[in-house]
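Both complexes shown next keep chain A, but they swap its partner, so chain B is in the first and chain C is in the second.
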Partner chain A sequence: MTVRITVDGAAYEVEEGRTLLQALDDLGVLMNGVEVPHYCWHPKLSIDGSCRLCQVEVEGVPKLQIACDTRVTDGMVVHTKSERVRKAREGVMELLLVNHPLDCPICDQAGECKLQDYAFEYGVQHSRSREPRRALEKRVELGPTIVLDQERCILCRRCVRFCREVPGTGELVVENRGDRSVIAAFPGAPLDNDYSMNVADICPVGALTTKDFRFKMRVWFLDELPGVCTGCSAGCNIHAGVANNRVYRYVPRRNDAVNETWICDAGRMSYREIGSASRIHHPQVRGADGRLTAAGLGDALAVAAARLRAAIEGGGAEAVAVLASPHATNEDLLALRRFLAALGAPPESAGVAVPTGASDDLLLREEKAANAFGARALGFGGADAVIERVRSGAARVLLALGHDILAPAHLRGDVSALALLDGVILLDTHRSALERIAHVVFPARHALEKLGTLTNAAGRVQRVQPVVEPAFAAWSEGEILLRLGEALALPGFEEPAAWDPHAVSKSLGEELPAFAGIDVDSVGHEGLPLRGESA
Partner chain B sequence: MGLKVPHTTNYLTEHFGDDGFVSLKGYEAQGGYEAARKALTRMQPEKLIELVKDSGLQGRGGAGFPTGLKWSFMPKDEDRPRFLVCNADESEPGSFKDRILLERGPHQLIEGILIAAWAVGAEKTFLYIRGEYSEPARVMQQAIAEAGESGYLGQGAMGTNFSHEVVLVRGGGAYICGEETGLLESLEGKKGQPRKKPPYPAEFGAFGMPTTVNNVETFCHVPHIVRRGAEWFRGIGTEKSPGTTIFGVSGHVVRPGLYELPLGTSLEQIVFGHAGGVPGGREIKGVIPGGMSMPILPAAELDVPMANESLRERQTMLGTGGIMVMDDTTCMVRVGCVIAHFFRDESCGQCTQCREGTGWMEKILNRIERGAGEEGDLEILLDVSAKMEGATICAFADAAAWPIQGLLRHFRDDFEMHLRHHRCPFHEGFRL
Partner chain C sequence: MVKAVKPKKAAKSGAISGATRKRIAEEMQKFPQKRGALLEALHLVQEELGCIAPETARELAEIFEMRAVEVMEVVSFYNMFHAAPQGRHHVHVCTNLPCSLRGGRSLLRRLEEHLGIRAGETTPDGRITLGREECLGACAYAPMLRIGDTYHENLGVELAKKLLDSLE
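Up next, the complex of A and B:
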């Protein structure tokens, strides 16, 4: 059932039973055409109704009403720009600032602070108060990740509701009452859950900051670039905060079909993998002395091609064991499919091994790879058969994309399983146990250093784009495979071709029906479900 | 020893001088529980609600909401358990009437509760008593036990198939727990913070169930209305405000105390005729008519009849009938400081205007009293109080704003003298 409402003269049809703010949010016009400033209301938390900033005028109702808790009714006529509304907002803003420390110059939130923004937009430009401001604690550690500045807090209680309603851990409370109220954790029970850092995102002011980001970078220097978290297969949407070609933070980007407005702490911290010191910085080839040494891409390709050619000549495509990466993009993996086809091997002959870890009912998925679902959707098989071929000696060369096959989940560091191999060719982003025994190593780009798509655990295809440019030589797995195909002069790889992820992405749909109409340029910033998936 | 009652008595307090009246036997001797018997055995709940509506009884907890109407809000034909709550959190400064009703007439209250429970179909009443009221709590607990043993409460009250239980709950000691939804939160074991409305308690009350919350005195009127009829009740008091109420008179009067009088009795009659006027031959300066949250009246307006309709014309309200008399030695800025301090201290802190406004007002008032007031302070006070009015989850912010507005309306000279002389022009004996 829908009802018709009029807001500032514009007519809207909205779902019955919604409150005004919910209805405006559903329409996508809240703070995006219809300005109803608010603090305590958050689209994914229960209604609090305490900040009183979202007051609007509803025709036929004598008092101003708070839009967050006023249900829409058919024929409702709302004014958000009237003089009464303007005055009411001004009043709330003035009161919120009476005790605020106004320490914006040293506040991390400055630049993305709703108190700053709304004071500028809806407040008065000077304070009438001559009274001393409330003095409270400036640095309270609420837990291992979050610091509270009690003076800056406007007591919207979003953080309190978040802990109760989202992770369900309820660590935070309002202690004391009146203007002595402060946010606090229970003694001996710090704010410590898998989602704790979200409270800093939803804090409209600089009261809650993450220990990780605070004092690192002024936010106005950051470009907030859309991306997808690669911490697990949930595919939470993020903004990567980038300055000076460096990622300083991830913050969740709202996508109601995936992560709503949240991200787990582990995923948030996974931005560090991009600039990590353990990145593989250049192609390497193992020399006669048994040591890996830096090499040019051409040399590395030549060595890899020679190893592969020797294996194929000895035992055909069977002699090449291939591990497909659950971290690579769908486009990279399509390139792998083509490479395998040129070798005469079916895609299912390549295996996908996915690292695993803790999961929950909220966002955390067991598979700790961003494109595990995509790799399977592209037809790659399980890793066990591939490992068996390696162990048995049937395979002479291992071509591993983004895999630490020696990781605890697989070979548990048992190097002897690889003893019969003539060569290990590795395409990966980070150093690993496998890298230490590989013969040729190619540095791969991180998912947020390239253009492409990732398919999350629910089968939703989402776009990634380069948010930073690696400060060293690194390539997409797809591009390295293209070059390797050329070096091997495989059928279909005769003509040197540029790596064009747009074009590769377009052909996903041609080769795989599930991708029909879905490519990097059509999925937008919120993604699209694979055909046949409800995500 | 009987209670010495210099007070004027009427039907509520008639027997309060008799110690025996506290006991079930004493209460029964005065016709106690006959009204409940009549209601439960001979009156349909709808008829009872009609009777209370016809009587014109208004809630005595401060807001003066029509009691019968409130009862009629309880949803019909629902399986959910229904509750009554008796608000005995009496915490309005200047009010002490419920205490005497609890201590001296516990069975009158239980009878009123029982009748109301029958009317709204409630299975249980939570009697929420202010934490500091230990003696009233003791008396009530004993009376509840007696009423249970004698078959008034519990399974099959008075031989009917109606059952009702009264559960006594001690409050934690916050003013805001007297606000009905703040009370419900506290009752549920949570922090006493008013709920946003709707949903109203009749729909979503104690533990989420349909609930009616009434003040102690409101319940106490009910047996008398049932016994003697709506017409009798309407014959007392004014046309719009029938019945008596218990005025609590405190401050600069010769005989402070409780006076049960018909609504509409003039303030002058109460202060001079009953409470004996101001001692020491001094003059009255101002009177707060209904508990601290109600705006003050100047001496010139003591002719006002003490009923909501007439008090509203003077921009104040009956509130809880707590009358506070101040003589001409009183500094109205200090009065403002005391009031503002109380409301700052008691604000629950949820809503911006209340949390920040109460503190700001107190700071300004204290500064004026110290002699550090500046031009523009009074305008800011009025403006802040206006911003607090009608804009928050509950009426606490209004209760904090109105008395300051009242002081500035009638005693602006006091404030301006402070500003002009940069000190308090009143005697030095008083310290905040």
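Up next, the complex of A and C:
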């Protein structure tokens, strides 16, 4: 059932039973055409009605009403810009600022602070208060990830509700009363859950900061670039905060079909993998002395091609064991399918090993790889069969995308089975025990350093784009496979071609019906479900 | 001058007794939700143990099937509950607006000086806990304070000091 309401003269049809703010949010016009400033209301948390900033005028109702807790009724006429509303906002802002410290120059929130924004927009520009402000603790460690500045808190209770309602851990409360109120945790029971850092995002002011990001970078220097977290197969949507070609943080990007407005702490911290010191920085080839040394791409391709050719001449495609990466994009993996087809091997002959870890009912998925689902959707098989072929001696060369085969479910870090091979060719982002025994190593791009798509655990295809450019030579796995096919003069690879992820992405749909109409350009920033998936 | 300390050890430490638990269970019967009886339980427990320390909050949380931090939230909200042991006499000076206009705050300051402690603290001999109070409904007789449950109104500083000195 819907009802008709009018807001500032514009008519809308909205769902019955919603509050005004919810209805405006459903329509996508809240703070995007219809400005109803608010602190305590959050689209994914229960209603609090404590900040009083969202007051609006409803015709026929004598007093101003809070839009966050007023249900829509048929024929309701609302004004958000009237003089009465403006005065009310001014009054609320003045009271909030009575005790607020003048911290903006040293506050991490400055630049993305709702108090700053609304004070500028709705506040009076001078203070009438002559009394001392309340002096409280500036640095309270609420837990291992979060620091509280009690003076900056406006007591909107978003953090309290988040802990109760999202992770369900309920560590935080408002302690004391009136102007002595502060956010607090129980002695010995700190704010410590898998989603704790979200409180810093939803805190409308600079009261809650993450230990990781505080004092690192002024937010106005950051480009907030859309991306997808690669911490697990949930594929939570993020903004990567980038400055000077470096990722400083991830923050959640709202996608109601995937992660609503949250990300887990482990995923948030996974940005560090991009700039990690253990990245592989250049192609390497194992020399006659048995040591891996840096090489040019051409030399590395030549050595890899020679090892592959020797194996194929000895035992055909069967002699090449292939591991697909659950971290690579669908486009990279399509390139791998084509490479295998040119060798005369079916896609299922290549295996995918997926690292696993803790999961829960909220976001965290057991498979700790962003494209594990995608790799299976592209037809790759299990990893154990591939290892079996290595152990039996049928395979003489291993072409590995990533080092996930080292995971506890497979080799448990023990590479002795692989040491007997005639060649290990590795395309990877980070150093590992597999790199230490490889004969040829190609540095691969991280998912957030390339254009492509990833399919999350629910079968939703989502776009990634380069948010930074690696400061060293690195290639998409797809591009290296293209060059390798050329070096081997495989059928279909005769003509040198440029690596074009747009074009490869378009052909996903031609080769795999589930991808019909789905490619890097059509999925947009919120993704699309694979055909036949409900995600 | 006596040195101010915040008391640390519980005056009467120990777990909530069986008798009190039984009374709490009876109180719970009166409410549709268990937690409705929390305030009553806090009164009973404080009567027995003198304060509601974190360990006690944890015990209560178990009884009420809620989080200890939520018990702490309630204890901290109400002036009549204490998370730390109190002195033998509770002296509370009202500092709400009408009392403040009639000298309530300066009265509190003078009593702080007199006892050598700050509001919220207890004298080292455990004799007096001094506190500030919200409105006690005696505005017409401001400034005022209460000692335990007894109101003392229309106070001058000297009179108030004498009152405090007379406490055992």
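One rule holds for everything that comes next: the second predicted complex is superposed on the first by the 532 of 535 C-alpha atoms of A that agree within 3 Å, B and C clash if a C-alpha of one lies under 4 Å from a C-alpha of the other, contacts with A are read in each partner's own complex, and residues count from 1 in each chain.
FYI, contacts are C-beta pairs under 8 Å (C-beta built on N, C-alpha and C of every residue); 3 or more make two chains touch, one makes a residue touch a chain.
Please read all numbers here as calculations on a predicted model, not as lab measurements.
K.L.:
Once both complexes are superposed via chain A, do chain B and chain C end up clashing or fitting?
P.N.:
clash
K.L.:
Touch check for A:177: first (chain B), second (chain C), both, or neither?
P.N.:
A:177 contacts both chain B and chain C.
K.L.:
Touching A:189 in the superposition: chain B (first), chain C (second), both, neither?
P.N.:
In the superposed model, A:189 contacts chain C only, not chain B.
K.L.:
Per the contact definition in the header, classify A:49: touching chain B only (first), chain C only (second), both, or neither.
P.N.:
first
K.L.:
Where does A:224 make contact in the superposed view: on chain B (first), on chain C (second), on both, or on neither?
P.N.:
Touch status of A:224: no partner.
K.L.:
Applying the stated clash rule to the superposed structures, which of 8-16, 332-340 or 404-412 from chain B runs into chain C?
P.N.:
Clashing stretch: 332-340.
K.L.:
Considering only the contact definition stated at the top, list the common interface residues of chain A for chain B and chain C.
P.N.:
On chain A, the overlap between the chain B and chain C contacts is residues 174, 176-177.
K.L.:
Please name which positions on chain A make contact with chain B in the complex.
P.N.:
Touch residues, chain A against chain B: 47-53, 55, 63-64, 69, 88, 91-92, 94-96, 98-99, 128-132, 134, 154-155, 174, 176-181.
K.L.:
Over in the complex, which chain A residues touch chain C? Could you list them?
P.N.:
Chain A residues touching chain C: 170-177, 184-189.
K.L.:
Which chain C residues qualify as touching chain A in the complex?
P.N.:
Per the touch definition, chain C meets chain A at residues 54, 57, 67-70, 72-73, 76-78.
K.L.:
In the complex, go through chain B and note every residue touching chain A.
P.N.:
Result: residues 174, 176, 191, 196, 344-353, 355-360, 363-364, 367, 374, 376, 380, 384, 387, 390-393 of chain B touch chain A.
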